[in-house]
Amino acid sequence: MSLTDAAFEAEPVHAEVVHGKGPWQLAWERLRRDKAAVISMAVIVLVALLALLAPLFALITGHDPLTQYPETALTPEGLPVGPGADFWLGADSLGRDLFVRLAYGARISLLVGLSATLLATVFGVVVGLLAGYYGGWVDGVLARVLDVVLSFPYLLVAIVLVAAVGASVALTIFVIAFFSFAAMARVVRGQTIGYREREFTEAVRSLGASPLRIMVIDVLPNLVAPVTVLASLLIPTSIVFEATLSFLGLGVDPRTPSWGAILADSTDFYRVAPGLLVFPAVLLLLTTLAFNLLGDGIRDALDPKR
Amino acid sequence: MSLLEVSDVRKYFPIKSGIFFQREVGRVHAVDGVSLSVEAGETLGVVGESGCGKSTLARCMTGLHEVTSGTIAFDGDVRRDVQMVFQDPYGSLNPRRRIGSIIADPLVIHREGTPSSRRGRVRDLMALVGLNPEHYNRFPAEFSGGQRQRVGIARALALNPRLVVCDEPVSALDVSIQAQVVNLLKDLQTELGLTYVFIAHDLSVVRYVSDRVAVMYLGKIVEIAPGEELYERPRHPYTAALLSAASVADPDRPRDRVVLRGDVPSPISPPSGCRFHPRCPKAQERCRVEEPLLLGDGHKWACHFPLEPGERLRSAEVGR
Amino acid sequence: MWRFLIRRIVFGVVVLWLVATTVFLLFFAGPADNVARRLAGPRAPIEVVEQIKDTLGLDRPLFTQYLGFLGDLLRGDLGTSFISQTPVSTLILQSLPGTLWLVFGAAVLWMLMGVGGGVLSATKPRSLRDRTLTVLVLAGISLPTFVLGILMIYLALSVFPGTGLQPGPYISPFIDVGAFLSTMVMPWICLAVVQAAVYVRLTRGSMLDTMGEDYIRTARAKGVPERSVTYRHGLRAALTPVITQFGVDVGTLLGGVVVTESVFGLQGIGQLMIRSVRDGDLPVIIGAAILAAAFIVLANILVDVAYSFLDPRVRLA
């Protein structure tokens, strides 16, 4: 084929633009064909609606999540009432509305899960990119520190911190974000080291492109896949961790409706009111399972070879 | 003045070890004292086995590597007027970006034109290298190897460079596609008056495109001459061995292939004297001690005991 | 080899020192009155605060306190509990057997389930068996340990009360084997199920990687029976990352299986820690945290050493 190909010269330049299907578009199409991922997305949307509409449910039922309703919620023997028209999922041992509390609990779970993951992703990507791209002794020290951080269990660090500064939502988010950050930074750093030496980064570097431009325009788009997969798996981990801390009484204020705290409250009463255990347990399990399934689906969609 | 003047360039890569603070434990002598010049409008071919330093030399010329010592004088702005065509058509295009924006990279980085004028330029470039300009919105994965290499060439031409360094531009392609890409490069040279440094390990491709050819061995140039001269009358035993190892498309020529003994020595601790002596059939004591200089006029070689014109390396010597 | 070992030990000691320093600063940095108030809790009477300030010497300069703290640690003196007035080391020694029995018992179970499941999954990838296991693993990973624990207790007490299993404090098997088993079986299963999910995933991935290697194809090509290919050639190489993970996990868990112990009321290091945090029993928290860190560091060193024996490609320089 010669360079003055007559066919192209004859072709009018304003012909219809041919749009290629990008890797994201293809991944989205694959994800949409994945039944488990679609169902998971539906579950996540429902949980998000539950959280968003929590005040609405409080309004409809007329039950505040923190208020006790001993007259209507407890039987004459002092036991919580079961599910019904007034208390949709029943009441807890103190006479509070379980459904309304679970809806408000969804807010805590999603708040912690999403904000910790977002923080971890932003910082992890920035630090991982810089360390991986520039290398050198800073990178060596950082890699070592991340190894050490990741070798300590979340819970041990959380316990010590709670003992030192007291439990709070902010502390919970900080601990989760810190550990997730380490995992994220390690992955991004490793990937960046790989891309730094690729020919397409050399191509722009030989043109005199700035390191910032190379990191943002040339390396970052290639990291979206692994970062998305890791982030989508960090969300359920964070949710479980928040619930665990609250269950142990180390997370949010014990009166705050959080799924972990609700489950902790149920332990003395589920023999008489199994709903207290079953409803929050199922909700928590469904949420984390949905996020995990979606994460797996995203990974398969982005990397169909696996 | 030559377009590009490379004088005694050395590029060593440190080998580091250690966890926190890395110590240097050795050096790879990738390019070790190379001098050559490239004239405007010519094609200089560089051949050698893999690991001889030819790709490192190319990366020094384009400013990707800082040289350890020596100078590279270029008549122009290296970042702008020297462009590179890479070996791997899969690795050299970012899989997550559309080819239109890849080809426009040089224009964007050098702040050339407006977004719409760049788009026009990209379409022109795509037509120039034989791609359908309507495909600028596609991703590299939608193209074949040969088409991707055309994308790489279009990117290299975006800024109207004065020198294009082609680092094994066709070695990753099917043989049938190789000819198309090589012919494209030759046509572009005629049309645009380009200067090429063409690096390859395939002698026949280099012969086809090059005006002059340099032969590299372990970081040094061992022989450099106009193409025909080098192929017909090699003086350095290494050149002769390389030529005899290449397949010859002439049934009348005697097929006495010289098989080199041993492996290419490590560039971390290259042999003393002439670097080729441990593998050279003609090596003598002097080769072990004294490093030969690259001497000659027009046809230069670095050998104490060069082949006479017409002399062939003898199989007996080879079998030694 | 020795040089490597010494370097790793030095590094481990440095990590422990950093942990101790961080913990010290967390609790003791700041004005003496604030520190004493924080340790005593917001509702403690002023006399208690003053008493804490005196016994811990919080009036001394921070660096003097720090040296005293490190000196005590080096002598193995972890201090005395605020609450029970017993030495922390005694409390830890009392709690250690429960944790040890829990971890080692569960470890046997989760290795059997995890490695077994992983092999079953990897030998027939994408089969119904593999996909079922994958779903189970996902469920196991999504299931918080404490939810599994309270569900098990609910089942054991309310639905199947005939099993005799019940939650409760650790009882030494040398005193009463029956009671030991009835309290231990549920925690074992609970911890093992959660851990096994991770191990199935790890074994499966590692097996699939190994079974794609050339030497496996060579073994098949030369007529080695499939069973032998799987177990003698494949599994052996595939187990290296599993054993690495195993060492790290056991080390981490020995520092306290916080959730499982708390759910089942098993009195181990983890529950000791949680109780101390609730009571504000500072010396116990510090002692237990440093012990846990020591287990983790030790396990990491052992894993690195074991690695060199398992994988002939690794040469420790």
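By letter and in written order, the chains are A, B and C; residue numbering begins at 1 in each of them.
Just so it is clear, a residue touches a chain if its C-beta (ideal position, glycine included) is under 8 Å from a C-beta of that chain, and two chains touch if they have at least 3 such contacts.
Treat the numbers as computed from the prediction; the structure is a model and nothing was measured.
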Co-neighbours of subunit A and subunit B resolve to none
Looking at mean CA positions, which chain is nearest the middle of everything shown?
-> A
Per the centroid of Cα atoms for each chain, what is the distance between subunit A and subunit B, given in Å?
-> 49
When the C-alpha atoms of subunit B and subunit C are each averaged to a single point, how far apart are the two points in Å?
-> 57
Could you give the separation in Å between the centres of subunit A and subunit C, each centre being the mean of its C-alpha atoms?
-> 25
Which of the residues in subunit C end up touching subunit A in this complex?
-> 15, 23, 26-27, 38, 138-139, 141-147, 150-151, 153-154, 157-158, 248, 252, 255-256, 258-259, 262, 273-274, 276-278, 280, 282, 285, 289, 292-293, 296, 300
Residues of subunit A touching subunit C in their complex?
-> 148, 151-153, 155-156, 159-165, 236, 240, 243-244, 247-250, 260, 263, 266-267, 270-271, 274, 277, 281, 284-285, 288-289, 291-293, 296
Write out the stretch or stretches of subunit A touching subunit B in their complex.
-> 1-3, 5, 8-9, 11, 13, 15-20, 22-23, 137, 140-141, 144, 198-200, 202-209, 213, 217-218, 221-222, 224
Listed in rising order, the residues of subunit B that touch subunit A in the complex are 19-22, 59, 62-64, 79-80, 82-84, 86-88, 91-98, 102, 105-106, 109-110, 123, 127-130, 132-135, 137-139, 141-142, 152, 155, 180, 183-184, 187-188, 191
